[in-house]
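The structure is given below, and queries will be raised subsequently.
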Amino acid sequence: MQLSISLLEITRAIDSWLNSAFHPHVAYGIELVLAGVAVILLVVAMAILMVYAERKLAGFMQMRLGPMRVGKWGSMQAVADVMKLLLKECLVPTNSDKLMFRVAPFVVTIVSFMTLVPIAFAKGIQLWDINIGVFYITAVSSLSVIGILMAGWSSNNKYSLLGAMRSGAQIVSYELSGGLALIVVVMMSGTLSISGIVQAQADGWWVIKGHIPVIIAFVTFIITSTAELNRAPFDLAEAESELTAGYHTEYSGMQFAMFFLSEYTNMFVLSMVAATVFLGGWMPFHLAGLDGLNHFMDYIPGIVWFFGKTFFILFLIVWFRWTFPRLRIDQLLKLEWKYLLPVSIINVLFAAFIALMGWYL
Amino acid sequence: METKDIKHDEFVINVGPQHPSTHGVLRLELWLDGEDIIDSKPHLGYIHRGIEKMSEALGYKQFIYLTSRMDYLSAHISNQACSLAIEKGLQIEAPARAQVIRVLMAELTRLASHQLWWGALGLDLGAVSPFFYAFREREMILEIFEETCGSRLTMNYITPGGVVNDLHPDFVKKVKKLIEQLKGNLHEYYQLLTGNVILQARTRGVGKLTAEDAVSLGCTGPVARASGVKCDVRKLHPYDGYDKVEFEEVLNDKGDNFARYWLRIEEMKQSIYIIEQLIDNIPEGSYREKLKGVVKLPAGEYYQRVETARGELGVYIVSDGKKEPYRVRFRTPNFSNLNALRPMLKGAKIGDMVSMMATLDLIIPDIDR
Amino acid sequence: MNSIYQYFRAIWYGFSSLWKGMMLTGHYLVHPKKILTEQYPENRDTLYIPERFQGEVVLPHDENNEHLCTGCTICEMNCPNGSIKIITRQVETPEGKKKKELDEWVYHLGLCTFCGQCIDACPQDAIKMSNAFEHSVYDRKLLTKVLNQPGSKLKSAKK
């Protein structure tokens, strides 16, 4: 088992310097801490950027300007909001289950950070190139429902409980077709490892060379990931007009901020997974046979490709949220069990046939 | 209503008085079995201001401003109802110009009210954007009101004997611009919500109200018309020259949420049609018949009904010949329409409660008065 | 067979209707010129307020510090919520007659609902509504105003 923070000379240099200065075990520990801090900083920075971008996008979609007061064009608004949440008091309701109430935000946050582990940000920039990367992500991301249920139950609030129960039903059912959508690409790539899947797209992204099954899987995955994120139009767990704020009704201050952060982290992770699996991750836009084009595309660094694709999917999710009304709980489950799941199952069969015949480009 | 025993699996939640979907301070007690609603019980009175009692202490010209605060989205129409009742008592009629101005204002109010309803419905169903699209045209209407009447929401513009001010010179131009823009933008309503598959799923077949129920519960306005009950006061008992304009009483016999939604959208088109007929034909002449400083109605009872954006508003005045009314009573549409909520809610889901309340278009201060 | 057709039709209808909605919000996203927001404190100079806007009651004075109010209290009687209090005093005119004159025109802005009935009722057209709308103050005592300026008097006989 080896940390594969390699490639970039900087990380190599740090690695060799640490190994020369400290005992290898100590150096390894320091590397772990450094990697964790780097990822947390990246996610927090992205979350702040994303909150600002979402509010601006929503504003423009609704003929508004969005935040305009704090900083030029309101650019410091999200930072100011984070400061406010940090300074606020964390209230704990009197008759709540205090231990669970305090632990729940940590569970949700830790789970969402855990899912970041196998993501390949660029060639070689990956915390842990685990050979079952896709499986790991689907397995770990489903744990977040435990934190939500804990929050809903321990708050001793009927709205929270209803929200948590809705969230449980929703995440458990939408995982099925989300997993099946990933299986399509896994079959075609022949590997579960994230780096392997990216390598398999060296001569074209799966969404281009994978024919109809991958396109269907891509659409399904976008829908299911929106549902797993509890975002509109599937935001039943917090359903503002029905349950006030759902499972985090009773949370305030930093505890609320952790739920918020974990929601955004999950959003990044699922967008990154979609970008990696369907749109080629850090792999530039390549088409088989067109060497000139491929060579030209290689000049754009992988990290730009990766974040470009991620933000494209994030934009799609934001666009959904500010356009659609919310579904009802039974319609939500009907959509999964009557439409997405049968379509996904047939799609997997279809994809397996194509993968066996090797008909993709 | 009797209190119920709570069975093992049931639990009670209080929706309101502070809840995002009650649009005010209505409190609904819901008996739930999981997501299903077993029974409901509305609690009123959180915004009771005693408008009827306050009216007894004020003169006939004075108490009208209070009615703007009942159904604040139909302020003009409430003022119109009171003015008409008092004019009945004085046996006068507003000048022709004033009548046309009143109808124009009432229809603009109806448009503004339905637009706010459309935006709020989107908000209740979880779509935030419709709210802002609806407010774009509503803002234009409010600006027209502001120019002519001096304020935007509680205008106190229609008064016994006519209207307070003459129309603003820009009125006709601005209304024409509004109509043009509104006609161009109505397709957005379809694009964003009406045709949306999620809205269709949320509203079709949900919250059914039969015609019998609508009549026996006293529902009026779009709620009853969506169940197929003919109840448009503008048609049945025309006032202020509504018999001289052409318009259609929109009816639907489905009685579900979508019928009510569709009906209000169609009513907006009818309101536009009425305004189009009148905007070029505003008669010249006096806009107000000046009354005496202190109005005294001859002893007797006077009743006037009008069609607000939400249904039938009745104003009942008992006079004993003094300068204040002896008794004033308002029959408000929202109080009766609220009654339809309980039969609809039985067996529905929590999400349906929100869409039902949205399509009933309840204004809480109008219920409590 | 028909049911299968219906099934896929429903999927198609769902997607196309959702896409239509997304096109609308997308359209506004790429047309920033259609933004309607007015940034209020910055646009104070260009803010459009119609001249009839009812902001607060004022008692206009001319250059000689004279107003039109005779102190008849009709506005006070017509005010539905008691936001006007007219205090009068008895003065002796040079001819030796006793006459009622306005002493203080007390206006409770905190009680006023801006219905305009005082303006409508005033027989002298002495009061009118101004367009001021920024009424917030830190002390509610400041909301009670005396509208006639110190030393002002009734405009001498109108001709």
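Residue numbering begins at 1 within each chain, and the chains themselves are lettered A, B and C in the order written.
In this section, contacts are C-beta pairs under 8 Å (C-beta built on N, C-alpha and C of every residue); 3 or more make two chains touch, one makes a residue touch a chain.
Quantities reported herein were computed from a predicted structural model and do not represent experimental measurements.
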Chain-level touch network, classified as line, ring, star, complete or other: complete
Which of A-C and A-B has more C-beta pairs touching across its chains: A-B
Centre distance in Å when chain B and chain C are each reduced to the mean of their C-alpha atoms: 24
Computed distance of Cα centres, chain C from chain A, in Å: 51
Chain A-chain B separation of Cα centroids, rounded to whole Å: 46
Multi-partner residues of chain C (at least 2 other chains): 18, 21, 24-25, 36
Chain B, residues touching no fewer than two other chains: 129, 136, 192-193, 196, 198
Of all residues in chain A, the ones touching two or more other chains: 61-64, 322-324
Partner chain C, residues of chain B touching it in the complex: 58-59, 61-63, 65-66, 129, 136, 139, 143, 146-151, 154, 156, 159, 164-165, 168, 188, 191-193, 195-198, 200, 293
Chain B - residues contacting chain A, complex: 11, 13, 19-21, 34-35, 122-129, 131-133, 136, 192-193, 196, 198-199, 201-202, 349-354
Residue ranges of chain A in contact with chain B within the complex: 58, 61-64, 158-159, 162, 165-166, 232-233, 235-236, 239-244, 322-331
Chain C to chain A touching residues, read off their complex: 11, 18, 21-22, 24-26, 28-29, 32, 34-37, 39
Of chain C, residues touching chain B in the complex: 13-14, 17-18, 20-21, 23-25, 36, 50, 52-54, 74, 78, 80, 113-117, 120-121, 129
